[in-house]
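As C-alpha cells, here come the structures.
Each of the next two complexes has chain A plus one more chain, namely chain B in the first and chain C in the second.
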Partner chain A sequence: MNPLLSFGDYLWMTFAAFLTLATFSFLYKDNPLYKFAEHLVVGVSAGYFVIILYYGSLKTQLVEKLINHEWVYLIPLVLGVLMWTRFNKKLSWVSRYPIAIYIGIATGLAIPLEMQTKVTEQLEAMMVYIQWNDLLAGGFWNYTNSFAALLVIIGTLAALIYFYFSKEHKGWFGGVATVGIWTLMLGFGASFGATVMARISLLINRVQFLDQWRINSVGSVHQEGSGSYTAIYWVVLLGMLGLLVVDLIRTKGKTETDLN
Partner chain B sequence: MSNNQTNNNSNLSFLERLMLLDRRWVFLVLALVVVSTYYIPMKVPVPASTEVRSIYDAVEGLKEGDKILLAIDYDPNALAELHPMTYAILEQCFRKKVGVIITSLSQNGPGMAEQAILDIVDSTALPRTYNGVSYPGREIINGVDYCFLGYRAYFELVITGMGQNFRTFYSRDYYDVLLDSIPIMKDVQNYDDIEMVIDISGSNVVDAWIKYAAARYDVKLALGLTGVMMTDYYPYLGSGRIFGLMGGLLGAAEYESLADNPGLAMDGMKVQVWAHITIILFILIANIGYFGTRKKRGL
Partner chain C sequence: MKRQIPLALVILFGWLMLALYFIPLEGAQKINENLLDWTAIIGIFALALGIWSLISVNVDKIQYKKRDWPYSIVTLFGLFAMIVFGLKFGGADSMFQGQESYMFRHFFDDILIPIFSTMFSLLAFFIASAAYRAFRARSALATILLVGAIIVMIRFFPFIAEYTRPVADWIINVPNLAAKRAIWMGVGLGIVATGLKVILGIERSYLGRD
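What follows is the complex of A and B.
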C-alpha cells in the first residue's frame, strides 16, 4: 500500500474505480450503474466549466475591469447581453449584431492564416527539388528524402485527379485516379491504425489505474489500518456485481419500451 | 433465446455463425488480452522517430534559466495518451532548471495541469539519474520554476493576445497572483521572451496554436497529440510550421525512452503489441467469414 495515500484519497480513488467499472458495464448492456456514471460526468463537467469560466474569464476580463473604471469594457458587456435577445422572438434580430461582429473579427483573423498554413505553405512544401542522381544512386527502394518527396508529389497529384469529376475516369486518367484512391486508402489506413492505438491506450490506462486501486486496497494487508481498505475494495466489487445481477434478472426478457 | 432462433442458428454453417458473432465476445476477448498481458514482465523496444527526437533534442538543448510555454490543452478523456508526454517534458525541464509557463485552454484542462505539476514537483524532490546524468533532488517553487496561468475562454483570442502581452488575458495566474509579482514572469512580455511552445492537445486548440502563434508570430512550435489526431498534423511537419510531433501513446513512449524516464506510456506498449495482434486476428476472422458467405448471400 502506498503509505502516502490517506483514507480520504483512497475513498476518492475507490469512487473513481467505481465509475470506471460502471462505465465498462455498458459494454455488456445498458444498466442503471452506467446511467449513474454517465449523468454524473455530464453534470460535474458542466458545473465545473461554469465555475472555471466565471473565475477564469468573466471575473478577470470583465468584472474586475469595470470595478477599475475601465469603461471600454462596457462594449463587450453590452454585446454579450444582446446575445441573450435570442430568447425573445420579437427582439431576436438584435442578437445578429454581436454575432456579426464576432464572426467578422474571427474571419478576419482566421482567413489569411488559414490560407497561409493550409494552402500556400503546403504548396511550398510540395515544391521540393528532387535530387534524381542521389535517388537513383541509392537505389529506388532506398528511403531518402527525395524518394519520400517523390511519393508525396505523386500521391497528392493522383488524389487530386481522383476528385476531378469533369472527365470520365478511363484510360490513363482512370489509372492515375486509381493511384489516387490507393493513396487515400493508405491515409485512411494510417488514421484507422492510429485510432485503434488510441482506443487501446484508453483501456490500458484504465487497467493501470484499476491495478493501482487493487494494490492500494489489498496489496499489503500487513500495514496498519489496511484492513478497512481491503473491506471497502471487496464491498465495492461485490456490491457492483450484485447490482448488475439484480438488474439482469429484473430486465430479463423485457424490451427497452417495457422498461421505459 | 427462443426455440425457433436456436433451431435457425443450428442450421447455419460455421462461417455464417462467425458473421453473427455477438460483438460482446470481441470486447471480452480484448479485455482479457489487455488485462493478462499487462502482468507479463516483458519489455518492448521503442525506437524514437525523428519527429519525437527533435522535440527531445530541443528541450535538452535549453540552458538553465531559459523559459518555455507548455500548453496543457486536454481533458480527462485524453489523459491516457497525453499525460505521459506532459510528465516527461515537465520533469525534464524541472531537472534542467528550465522555467515552464503553463497554460490550459481546454475547459477541463486546469485539473490535468495541476495534477501533473503536483506529481512532478514531488518526483523532482528526489535525486535521479537520467541518461547517465545525476540530478540531485530539489524543491520546485511556484512562481520561480514554473507559473501556471490557468484557463481562459476563446482560445483563438487568448493565443493571439499572448503574442502581444501575456497580461492581456492573464493579469493574474491560476492562483490569483498578479503576473507582475511573479519572478519567472518578470522579463516575459510575449512569445519573443520564450524559447518555444509545446502544445499537448486533445482538441482543436492545436489549430489555433498553429495559426495564431506559429504562423502569425513565428513561434517555434511542437505538438503532442492523441493518436486519432496525429495523422492530420503530419503535413505541418513537412511545411516546417512545427518542428516536432508526438502522436498517441507511442509518441509518449518514445519520449519517455529518449528521456530515460520510463513511465505509464512505456509500460503500456507491451499491451499495445498484444492488443494489436488480437485486433488483426479479429479482422482476419471477420474477413474470412465475410468472403466465405458472399456466395450464399448472393453477392
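What follows is the complex of A and C.
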C-alpha cells in the first residue's frame, strides 16, 4: 500500500474501485454487482439532495426567515404542506393550489426570460459589422472573420426556414430549406462528436483512477507521464474496438426492430 | 373550487410575474425575489413527496419480499446514511459536521462520483456501437452528419491535430452555432407561446382530471 495514504482512505479508494468495476460489469450484461451499485447510487444521491436542499435552500429561504419573524414566509410553508395532500385521495385536489401558484410564477418568469435569452439576445449576437472589403481576414478557417459571421446569419435563417412548415418546401424556399437541413446536420454531427469525446474523457478518467488505485495497492508513487498512461489509452481504444466487434457479431443479420 | 381557483391563481401569479419583470422599482424586485423563494420552498416540499415515495416503494418491496428485494435494503441504507452523515449539530467535536464531515465527503467522493462518472463513461461504448449503425453513409445528409462528427472527434489526435483542429473549431463555431441558434430561437418562441397559453387560461392540462 502507498505509505502516503492512510488505511481508511485506501479502504475508501478500494471501495470506489470496486464500484467502478461493478458499474463497468454492465458491459457484459445486467448482473448483481451492477444492481448493487445502481441501487446504492439511487439511495445515496437522494440523500445527498435532501441535505443539499435543506442546508442550501430550505434553511436559508424558509427556516431562517421565519426565525427572523418574516411571517410572509408562512404562506409558502402552508402551500408546501398542502402538496402533501396528494397522499390522501379525497384531499389530493387541494395540492392543485400550490401547483397552480408554482406554475403561475414559473411561467410568468419564463416568458420574458426565454424571450430575452433565446430570441432577442441571439438576434443581437447576429447583428455584427460585416467588413465587405476583408471578408476572409485571417483565412477561411478563421471563425471570427466577417465571412464566418455571414455564414452564421445565412445558416440560422435557412435552418429557421427549414422548420417553417406552413409553406411547401418548393422552389427557392425549398432550396433555402435544404441549406437549412445541411446546416442542422453539420451542427448535429458536431454536437454528437463533442458528446462522444466528453464520454471518452470520463472513460479515460475512470481507467486512470483504476490505475492509480493499482499503483497505490502495490505501494509505489505514481509518476505522471510514465508508461502506464500510454497503456491506459491502448486499453481504452482496444476495449472500445473489442466491444464494437462483439456488438457487430451479436447483431449481425438482425434488424433495428429485432434489437429493440 | 377544485378547478376555477387554481386556474385563477395561475393567471394571477403569471401576469403578476410578467408585470414585475418590467417594473424597475426596488419594491417590485423585492416581491419578485420573495415569489421566487416561494417556488423554491414549494419545490422542496414536492421533493419530500418523491423521497417518501422512494421509501415506501422500497419498504414495500422488502416487506413482501418482492423480486430483487435485497437491493432495496442497499437503497434505503444509502439514503439514510447520507442524510445522517450530512446533518450538522453539536459543537466542533461532534461527528455531525454536515457536508464537511469525513463520512459525508467519502460517500460523495467514493460512491457518488465513481458510479455516476462510470455510468456516463459507459455511454462511450454504447455510443461507439450505435454510431456505427446510425452513421453508415446512406444519404448525403447522413454523410454530412458523419463528416461533422468525425472531424470534431479527431480534432485532438496527435500528428493530425494541426490540420483537424482549425476545421473542427470552424465547424463548432460556424455551422454548429447557426444550427444551435435556430433551434434556440424555435425553442424560445415555443416556450413563450406555451407560457402565454398557460397564463391566458387556454392550456389547462396541469390541472389534471377530477
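Convention: the second predicted complex is superposed on the first by the 186 of 260 C-alpha atoms of A that agree within 3 Å, B and C clash if a C-alpha of one lies under 4 Å from a C-alpha of the other, contacts with A are read in each partner's own complex, and residues count from 1 in each chain.
In the analysis below, contacts are C-beta pairs under 8 Å (C-beta built on N, C-alpha and C of every residue); 3 or more make two chains touch, one makes a residue touch a chain.
Because the structure is a prediction, the values reported are computed rather than measured.
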item: Partner chain(s) touched by A:V218 [first = chain B, second = chain C, both, neither]; value: neither
item: First, second, both or neither for A:A100, with chain B first and chain C second; value: second
item: Partner contacting more residues of chain A (chain B vs chain C); value: C
item: First, second, both or neither for A:I200, with chain B first and chain C second; value: both
item: Which of chain B and chain C A:L237 touches, first, second, both or neither; value: neither
item: First (chain B), second (chain C), both or neither touched by A:V63; value: neither
item: Which superposed partner A:L5 touches (first chain B, second chain C, both, neither); value: neither
item: First, second, both or neither for A:L27, with chain B first and chain C second; value: both
item: Interface residues of chain A shared between complexes with chain B and chain C; value: 27, 45, 48-49, 52-53, 57, 61, 106, 109-110, 113-114, 117, 122, 125, 152, 187, 190-191, 194-197, 200, 202-203, 205-206
item: Complex interface listing, chain C residues touching chain A; value: 2-3, 5-7, 9-18, 20-22, 34-52, 54, 68, 71-72, 74-83, 86-88, 98-99, 104, 106-125, 127-129, 131-133, 141-142, 144-153, 156, 166-189, 191-192, 195-196, 198-199, 206-208, 210
item: Complex contacts: residues of chain B adjacent to chain A; value: 24, 27, 30-31, 34-35, 38, 77, 79-81, 107-108, 110-111, 150-154, 156, 160, 169, 171-172, 210-212, 214-216, 226-228, 230-232, 235-236, 238-241, 247-250, 264, 267-268, 271-272, 275-276, 279
item: Residue ranges of chain A in contact with chain B within the complex; value: 27-28, 45, 48-49, 52-53, 56-57, 60-61, 64, 106, 109-110, 113-114, 116-117, 121-122, 124-125, 152, 187, 190-191, 194-198, 200-208, 211
item: Residue ranges of chain A in contact with chain C within the complex; value: 12-13, 15-17, 19-20, 23-24, 26-27, 35-55, 57-58, 61-62, 65, 72-73, 75-77, 79-81, 83-84, 86-87, 93, 96-115, 117-119, 122-123, 125-126, 140-143, 148, 151-160, 162-163, 180-197, 199-200, 202-203, 205-206, 209, 239-240, 243-244, 247-248, 251, 256
